[in-house]
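Below are two complexes that have chain A in common, paired first with chain B and then with chain C.
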Partner chain A sequence: MNAPTKGTGMKWVGRSIRRLEDPALVRGEGHFTADLPATHWVRFVRSPMAAGVINSITAPDGAMVITAADLRGVKKITPMLYKFNYRPVGQPILAEGVVRFVSEAVAAVVASSEEEAEDIADLVELDISETPPLVDAHDALKQGAPQIHAEAPGNIIVHGAHKTAGFVDAWASADKIIKVDARSHRQNATPMEARAAHAAFDKSTGRVTLTCTTQMPHVARTAIADLLGMPESDLRVIAPDVGGAFGQKMSLCTEYVLLVWLARKLKSTVAWTEDRRENLIASFHSRDQHVTLEGAFDANAKLLALRADVVANIGAYSCYPNTAGMEPLMAMAEMPGPYDVQQYQCLARGVLTNTCTMAAYRGVSRPVITFTLERLMDRAANAFAIDPVDIRRRNLIDTFPYTSVTGLVFDEATYKGTLEMAVKAIDVPAFRARQKEARAKGRHLGIGFATFSERTGYGSPAFAARGMAITPGWETVHVSVDPSGYVEARIGASPHGQGLRTTLAQIIADELGIPPDMIKVVHGDTDTAPYGWGTFASRSLVISGGATLIAARKVRAKLIRIASHMLEAAESDIVLEDNRANVAGTDRSIPIATMAREIYTQAHRFNGEIEPGLSESGTYDPPGTFSNACHVAVVELDAETGFVKIERYLVAEDAGRIINPMIADGQVHGGVAQGIGNALLEEIIYDESGGILTANLADYMPPTAHEMPTIELHHIETLSTQSITKAKGLGEGGAIGAPAAVLNAINDALTPFGVEIDTIPATPQRIRALLRGAPNSVRSRESGNPGATS
Partner chain B sequence: MKPAPFVRHVPRTLDEALGLLSQLAGQEGRILAGGQSLVPIMAFRLAKPAHLIDINEVAGLDRLESDGKALSIGARVRHGAFHKLAVDNPLGALLTFVARHIAHYPIRMRGTFCGSLAHADPASEWCLTAATLDATMVAKSSRGTREIAARDFFEGIMSTALAEDELLAEVRLPLLAPDAKFGFNEFSRRAGDFAMASSLVTYRIVGGKMTDTRVGVGGAEAAPRRITEAEATLNGQTPNDAAFREAARVASDALDPLEDHQTNAEYRRDLVRAVVRRALENSLP
Partner chain C sequence: MTHKSAITLTINNRDHAIAVEPRRTLVDAIREDCGQTGTHIGCEHGICGACTVIIDNEPVRSCLMFAVQAEGKKIRTVEGLADGETLHVMQQAFMDHHGLQCGFCTPGFLMLAVGVLEREPDISDDDLLDVLSSNLCRCTGYQNIIKAVRAAAQKMRK
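Showing the complex of A and B:
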C-alpha cells in the first residue's frame, strides 16, 4: 500500500485508501439536520387535491397556522431560462388561491413539538373546490385542456426544436427506419435521509443559520435571500452530514424558505423533518418522460439520422435553479449518445401537469434517453439480423475530439474499448450456448448491452448554452497550511456521500507531500466555504478537484520558495515528500511544519520576498469531459409470473484517472443499484384524480440488498485532456447504463415469444400482459424451483 | 408520521388484560402485540387508538406446545419462534418453511402469530396457514371463552369474527398425519414483501394416490381460503405435473381476485396459477 501508484509517479492518487469520512458515520457520530433541538416545530398541511380553488383554511383555536396570506412580500420561486420558448412560472411558498398538485403545502402549523404540530395539522380544515386535474402530459397537451399556469399557454413550459440541414435527404436515403416508443414512468430519488431543515435566529446579530439537507448550500442562500428580500450576509446555510441526495436535494424547497421566514418572524429556532410519506409525494419526482425515437439506417446498419419526440411531464412547477427545461433539453442535446450520426431532428417539450414537480435525479434524462437509444440499436440489430454487439461496433464514435450533431465536443474516450472489454469478460458465445440449452427446457435467459457516454464536469459555458439564468459551472477551493503544518481545504462543492474529503485530500497530498490524514476538507457551510455550486452532475471531482489542484499547486510553489530560502538551495532542487522539504541528492531537509510556522510567525525573516501566510485559492471552470461505459446484464425471465432476476451484471468503465478506485467502484455500485430499481421496481403511480398510490416504501419499491446482483467492474483509464486532474466524472454512469442493459436483456429473453417491452419499470405485471397477448406460444419451465418466487 | 396521542396500559395477567379490554374497547382501545402492523398504521395515522393494551408482559400467553393432537400457539409467540421446529410432526417443518417468508428477520423477532391472524392481512402467511389447516381460534374476553373455526374467522380484508373486547388468546393448529406432505410457494417482487399470491398445500399419498388434499390460496382474495375445487381435482391422482397444472388452473379460475395498482385481476390469476403449481411441485421430495 505504500508504494507509489504504478506508473503515475504519484503516491496517493490512484490508491484505495479508506474514506476519511467513514469512522464518524459508522460509529453513529455524524451530524444530521434532524438531530438539532428546536423551540418550534413545523408540520405542513398539504393539499388532498391535485387541482382546486382554495375557499378557506380554518385553523383550530389558539393554533399558529401560517398561510399564503401571512407571506405577503415574499416572492415566488421563479427560475429562469432565456431560451427554448421557456415560460417562467412562479411557485408560491404556500399555495395561493389555488392548489396545483396533491401534497402541495397549503399551510404550516407551528407548535412546540413535532407530535403536537401533527396533531394540530390534523385539525386544520381545508375547503377546496376541486377543478379537473391533469395528470398525464398528453392530456395536458390536448386542445382545450385546463391551464395550469396562465403564463404557459397550452401547458407547454419549454419547447426546444432542432433540425439539421441534411435531415430530410438522409431520411429519404435510409434502407430501414426503426422506431422505439419508450416510456419512463415517474420515479423518486429516495435518499435515505428525507428532507429536513432547521432555522435559528441569532438575536445579537440578526442573522439566521439555516441547517438543511441540501446539495447546494450557497445556491440556497442566494435564492432564499432573494425571495425574502434580505442581505445574503444575514443568512448562513449549513449542510451538515447529508444522508444521500441524488439530485433531489439540489432544488430549492419551499419548506426551507418558509423556515427562514419563520425564524425571523419568531426570532427563534424552528425545525421541520420531512417524513417518508411526504418525501414520496411532496418532494421532487423525476424521469417522467415519453420518448418516441426513430433511426434511419443504411444497408450496412450504419445510423444516418435520428428523429426524436420528447414529452417530459415536469409537474406543477419549475425547479430552481435548473428549471423545467432540464429533462427535455438534456434529452434533446444528448439523445445521439455515443453514436456517430450526422443528421438529427428533435422536438422536446416540457409539459405542466397537476403532479409533483420534477427535478434532478442521478443521471437526469440520460437513463431515459440511453435506454431508448439502446433499445433502438437492439431493435435495429434484429431488423438487420446482426448481433447487438456488432451494430454498436459499426456505429460507436472512435475518432476524437468528436463534435456531435448537437455541437457537443467529445474528448477522447473508449466507447469501443469498453464494449470489447465487456464482450470478452462476459463470454458471449458461452452465454448464447447456455441460453439455447435453457430455452429448450423452457427457461428464458437474456443478455443486454448498454454503451453510453456520460457528460461530466461541465463548466458555466455548458449551462449558458442552455440559456440558464444561473450557470452553476465553476468551483473555488482555498487550500491553506496552518502553522502546525496541517492542511485545510475549503471547498464550494458540497459532498454528501461521494467521498470528496478523501479524494481531494489524496490530490493535495501528492502536491504537498503531506499525507491525507493531515488534510481536512471543509465544506457545507456558507460562512467558511468559498461561494460554490455544490455537488451534482458528476462534477465535483473534476471541477472542485481541478480547483483543488490549482490551489494546491500554488501552495506547493510557495512551500518550495520558502524551502529554497530556508535551505539556501535552488527551487528546482526542492522535493516535497513525507512532510518534509528535501534538497535533492543531499541530506539537507526541513519539516514542512517548521516552514509553515516560520512563514506565519517569523514572516520578517523572508525580507519581504515571500508574503506571510500559507493560503492559496484556485478556481476552475472546465469545458467538460465525457466518461463512458458498457454495461451488460444477464437476466432470467420467469414467463409464468413475469419476474426478472438479474443473474449477472458487468460494467466496463472509463472515467479517466481514478483517484481512489474503491470510491469509484462504490459510485458505480450505487448507481447500478438505482438503475436496476428504475428498470424493474420503482414507480410513482398517480390515480386519475391525481392522488398518489405509492406513498410508502412497500408500494414504492426501491431494491433491497436481496435484489442486487454482484456487480463485476472493469476499468480503462483514458486520461482526460479536458480536466487538469485528468479525471472524468463518474457519479451518474451506473444509473444511466443500468436501465438500458436490463431492458435489453429482458427483451433478449422475450425473443422467442415475439413481444417487446420499452417501458420502465418493466414490472412483472407489464411483462405478463405482453406474454398473455404474445403471438408465439412458448413452453415455459416444467420443473425446478424457480428463482422468481421465494 | 407521529402517532396521535394514546395511553399505554401494561397488564401482567390475563384477567387484568381482559378487564382493561372490556373497559377500553368502546373507547378506541386496541391490543398491542408485536406492533409490526399496528405501529406503522398508527404512524400513518390510519389508526388512532386512544388506548393500547400491551400484552407483552401478560403471563402465560407465550405458550407454544402440542398435546399430541394440535399445536397451541399463545398470543405472545413470535414469528421467530418457528425458525426452529416447534413440534416433532410435519407441521413443525411446515411452519419453519413458511415462517422464513414473513417479512424480514427483525420483524419476525417481534411480530406475533396471533397478531397476524387478528390483523388479517389477506396476504399473511399465517392466515393462509390457519385457513388451509382449519385452525381453531380461542377468543377470550371477560365475558368468557369461545372457539372459532378458521373458516368462520376471516371475514374480509383486515376483518375477523373477533369482537371488540376479545383477545385472540391462542390458536390451535391440528397436527398433520405423520406421512403428510406439504408444499408452499409465494410470489413477491422483493424479498420480504407481502405476497401478491401464495399457496400452501398438504396431502397424503395412499396407494400411490393423493388423498386428504388441502389447497389453500392467500393474498389473492379478501381472505385466504381452501379452494375445494382444486382439492377435488387432485384427490385420487398420482402426483404429476399435468395434475398439478390442472389443479392450478382450477384454483385460479375459482377466485374472485383482489385488484390493486400493481396487480389487476388477470395478473392475479396468473400468479395464483403459478404459486399453486409451484407449491404442489415443492411438495415432492
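Showing the complex of A and C:
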C-alpha cells in the first residue's frame, strides 16, 4: 500500500454518479438512426400469408421494386451449430419461391420518400397460392405435417438430450413425483425505438457506412460482408444511440443486408425505418415455449431428480448468430437453476413453424424455465405441506464452487442469503395474517417467491460449448491518455441504455486518478472501436469492464514509470490521484497532463527507456459468473374480473461488486417491469391461419406506470472471483425472476378455489376461465346467495 | 397525394416555412421538414407518447395531428426546454434520479410532465401517476421517472 498523500484520493467505483450519457439525451440531442436524411427510402412488401407458393410479384410501371430474382449471388443467412443435431436452414434476404410466415419480406420498394415508397408498396400485387400453415409447435411435430424446410425433417431444427447415469434409480426411489405443465406464450421485446437502418455509399472510397440500431455492430459487419461477398473493410457499421434493444437487436436483420446491397447498387444513400406494426409482427419474437417439468423428491422434500421436456416454437428461420438452439438448449442447460439436484433427464427440441422467427429477449429462456421450476417448488411444498420458503431452504445450493448436473460451475453466491433477507424484509407471518383476514372478507391476496441464478459475463468457452459457428465471448478495450491529459476508451461492447460510458469511466478513473468527466468511452463504430461482440447477455460490465480494467492497469503502470522518471522517485512511491502523480510523503507532484504531453511530444527525453505514446489494450475472456436474487411479489386477485394487482414487490439481489448503485438499481427496475409485463400482459397472438392479432401497442401491452409497483431493493455484494472487477452482471435478472414470483403469488391467491395457472401471460381472461371451471368456483362459494344463478 | 401546402410552423418561438402534403403528420414535419429530431416516433398510433410535444400549453401526441392543423399554434419541443446551458428543472431531475436509460422515450416524457405541471402545478401524486401512465418506457420500469417528475414538480411550484 502507498503511504497517504495530501490528495483527496477520491474513489469512483461504488458511487452513484450521474450518467455521462444523459445531458445530450435530455436535450433531445442524441443521434438515433432515423434522424438521418436519405436520398432513397425503402418500404418492404410483406407476405399476407403464413405459408404459400409465390406465383408472381407485379410491380406498378416505372417503380423500382426489388425481389429475390434481383439478389442472385447474395447468400442466404444460414446460422450454424455443430452440435445437438442442428439442421442448418437458410433464410433468403427476400422470400424466394415460397413464403414461410406472415410479414416475411417478399419485395422491397425503393422511392425518393417514405410516403412514396409506401404508396407504391400498396400497389405491388402478390399472387401467392396458400398452403396449410403450421402455427403451433405441437402441430408441426405431428406425423405427416408439412415440411417448412426440406433440410429439417419433422420440422425439428435442433434436438438436445441429456440423461444422467443414475436417473432411473433416483426416479424409482422418490417419495413424490411433482409435475408442472408450463406454457409461455410468445412475446416481443418491444424496444421503444423500432428497427432502423441507413446505408450510405461513399463514391470516393467505394465503402458503405451502415448506420443501424443494433447491439452487435461488428457481428453485423462480418455477417453482411460475407453474405454480399464484399471485403469487410469496405463496410463500416455504426450503432449510434440505440433506443432500447433487450436482445431483439442482436440478431441479423434481412432488411439491413438489403440496405447495404441497395446502397452499393444505387451508389447512393438508402434508409428504412420500421413502423411499430412491422416491429410487432416481423422483427423477432421470443419466449414461445412449452415446458413439462417433473421433480422427484424424497420424503424430506429434497429434490433427487428432474425430468424436462422442452418444446420451443422457434418460428420460420434460425436467428443469426445465436441460432434456433438458443431457447431450447439454454433451457436444457440451466433448468435445474440454483437447486442441488444430481440426476437429470431432458429432451429439448426447437421446432420450426410458420411464424415470425424467435430470437433473444432479455433473460433468454430463463424467465420461462425459472417460472416453471419455481412453480414446481411451490407445488411440491404444497404436496409435502411445508412452507414454500422451507422447500427452497432444503434445496438451494450453499457450497461453492458447485458443479451442476449439466456441468455448469457456480461460483460463490448467496442463494440462501438473499432468500432469508427477502423473507425477513417482507415479513411473511404478518402477510399470512393479513391474507387470512382478507380471505374472510372475500379478498384474495397471494405471496410468491422466486429464487434463481443469473448466469452472466460468460466468455467464449461457454459459447463454444454450444458448438456455435460464430462463437462470441471476449472483449477488447483500448485505453489512451491523449497529449492533453484526457482519456479515451474505445470498446467493442455496444451499450444502448446500460450506462457503460459512465461505469467504465468509473473503473478507469480509479486506476488513473483522472475523474470520469475527463474520460470518454467510445463505442458502436467499427471504424474506431476494436472488434467486439456487442452488448447482450448481462456481459458488458463484466467482460468489457474486465478488459477496461486490464488496459487501464497497463496505462497506470506506464504513467507510474513516466512519473518515476520525471520526478526522480521510486515507482513504488508514486500515487496517481486528482489528475496528478504525487510522490508519497513529499510535496513533489506533477500533473498527469504534463506527463502525457511529455511522452508524446518529448519522447526522446526518456532515453528509449519508455516507449512513446500512452495507449494500451486489454482483452478479457472470462469463464462466467452467477448473480443471484430472491424476488417476492404480493398480489391481490379480483376473482370477479381476474385482474391481478401487484401490491408489493421486493428484490434481494447479489450481483457482486456494484460499480454504480444508481445504474444497477435502474437495471433491476427495468428488468422487473418487463418481467411483470411478460407475466401479466404481453402476448403475441396468432390466429389459426398464422395471422397476428396483436399488431399495435393497444393489443400488445407493455406495462405502463400504472401497472408497476414500487420495487424495494436489498443488496448483498459477494465479490466474484470469476471476474477481475469482482462485478457480476445483472441486466437480465429482473426479467428472469418476475414471472416466477408473480405466478407463484397468483397461485397462492387462487388456493381457496382449487385451481392453478402455469401459463404466462396470466391474463384476466385466462384466470377467469380457470375460475369458471374451478371446483370451488366463485359461484359455488357464493351458493348461499340466492342471486347467484347462471 | 403529392400536392403540397405551404405552411409555417412555429417551433420553440422560431418560424419554419415548409411545404407539406395534407397527410403529413406533425411529428414527421417537425423532424424531417424542420430538422428538429429530438422528438421521437415510437408507434405512430397514439399509444406510446414518444412524440409528445406541447401545443398552446397542452401536451399533444404529434403523431396524431397533421402538420397543417398546427399552423399558427405555438409548438414546444424538447429542444426548447433548456435555457441555453441551463437545463429545465425537469431535465435536471431526470438526470439526478436516473429517469432515463436509452433516452428514446425521454423527450416525450419530459414534454408530457412539463406540459401537465405548467397547467396544473398542484396536481396530486395520484393524478400525476395517471398522467405519466399515458406514455411508455421500456427501460426504467417508471419508478425513477415518477421520482424525477415528483422532484421537479416540487421545484416548479417554488
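By our rule, the second predicted complex is superposed on the first by the 766 of 790 C-alpha atoms of A that agree within 3 Å, B and C clash if a C-alpha of one lies under 4 Å from a C-alpha of the other, contacts with A are read in each partner's own complex, and residues count from 1 in each chain.
Quick note on the criterion: contacts are C-beta pairs under 8 Å (C-beta built on N, C-alpha and C of every residue); 3 or more make two chains touch, one makes a residue touch a chain.
All values reported here derive from a predicted model rather than from experimental measurement.
Judged by the touch definition given at the top, the superposed model places A:243 against chain C, while chain B stays out of reach. Once chain A of one complex is fitted onto chain A of the other, the partner contacts of A:663 are limited to chain C, with no touch recorded for chain B. Look at A:498: by the touch rule set out above, it reaches chain C but stays clear of chain B. Once the two complexes are overlaid on the shared chain, A:769 sits against chain B while remaining clear of chain C. Touched residues of chain A were counted for both chain B and chain C, and C has more of them. In the superposition on chain A, contact is made by A:122 with chain B only, not with chain C.
In the superposition on chain A, A:276 makes contact with both chain B and chain C. By the touch criterion stated above, A:29 is placed in contact with chain C alone, chain B being left untouched.
Using the contact criterion defined above for the overlaid structures, shared-chain residue A:696 touches chain B and also reaches chain C. In the superposed model, A:73 makes contact with neither chain B nor chain C.
Touching of chain A by both chain B and chain C, each in its own complex, is seen for residues 115, 119, 275-276, 696, 698, 704, 706. Across the interface of their complex, chain B is touched by residues 114-115, 118-119, 122, 275-277, 638, 640-643, 681, 685, 687, 693-694, 696, 698-699, 701, 703-704, 706-707, 763-765, 768-769, 772, 782-783, 785-786, 788-790 of chain A. For chain B in complex with chain A, the residues that touch the partner chain are 1-2, 4-5, 44-45, 101, 185-194, 241, 261-264, 266-267, 270-271, 273-275, 277-278, 281-282.
Partner chain A is touched in their complex by these residues of chain C: 1, 21, 23-24, 31-32, 36-45, 47-48, 50, 77-79, 81-82, 87, 91, 94-96, 98, 100-107, 110, 129-130, 132-146. Considering their complex, residues 18-19, 21-23, 25-30, 32, 34-35, 37, 115, 119, 190-194, 241-246, 273, 275-276, 496-499, 662-663, 665-666, 669-674, 696-698, 702, 704-706, 708, 710-711, 734 of chain A touch chain C.
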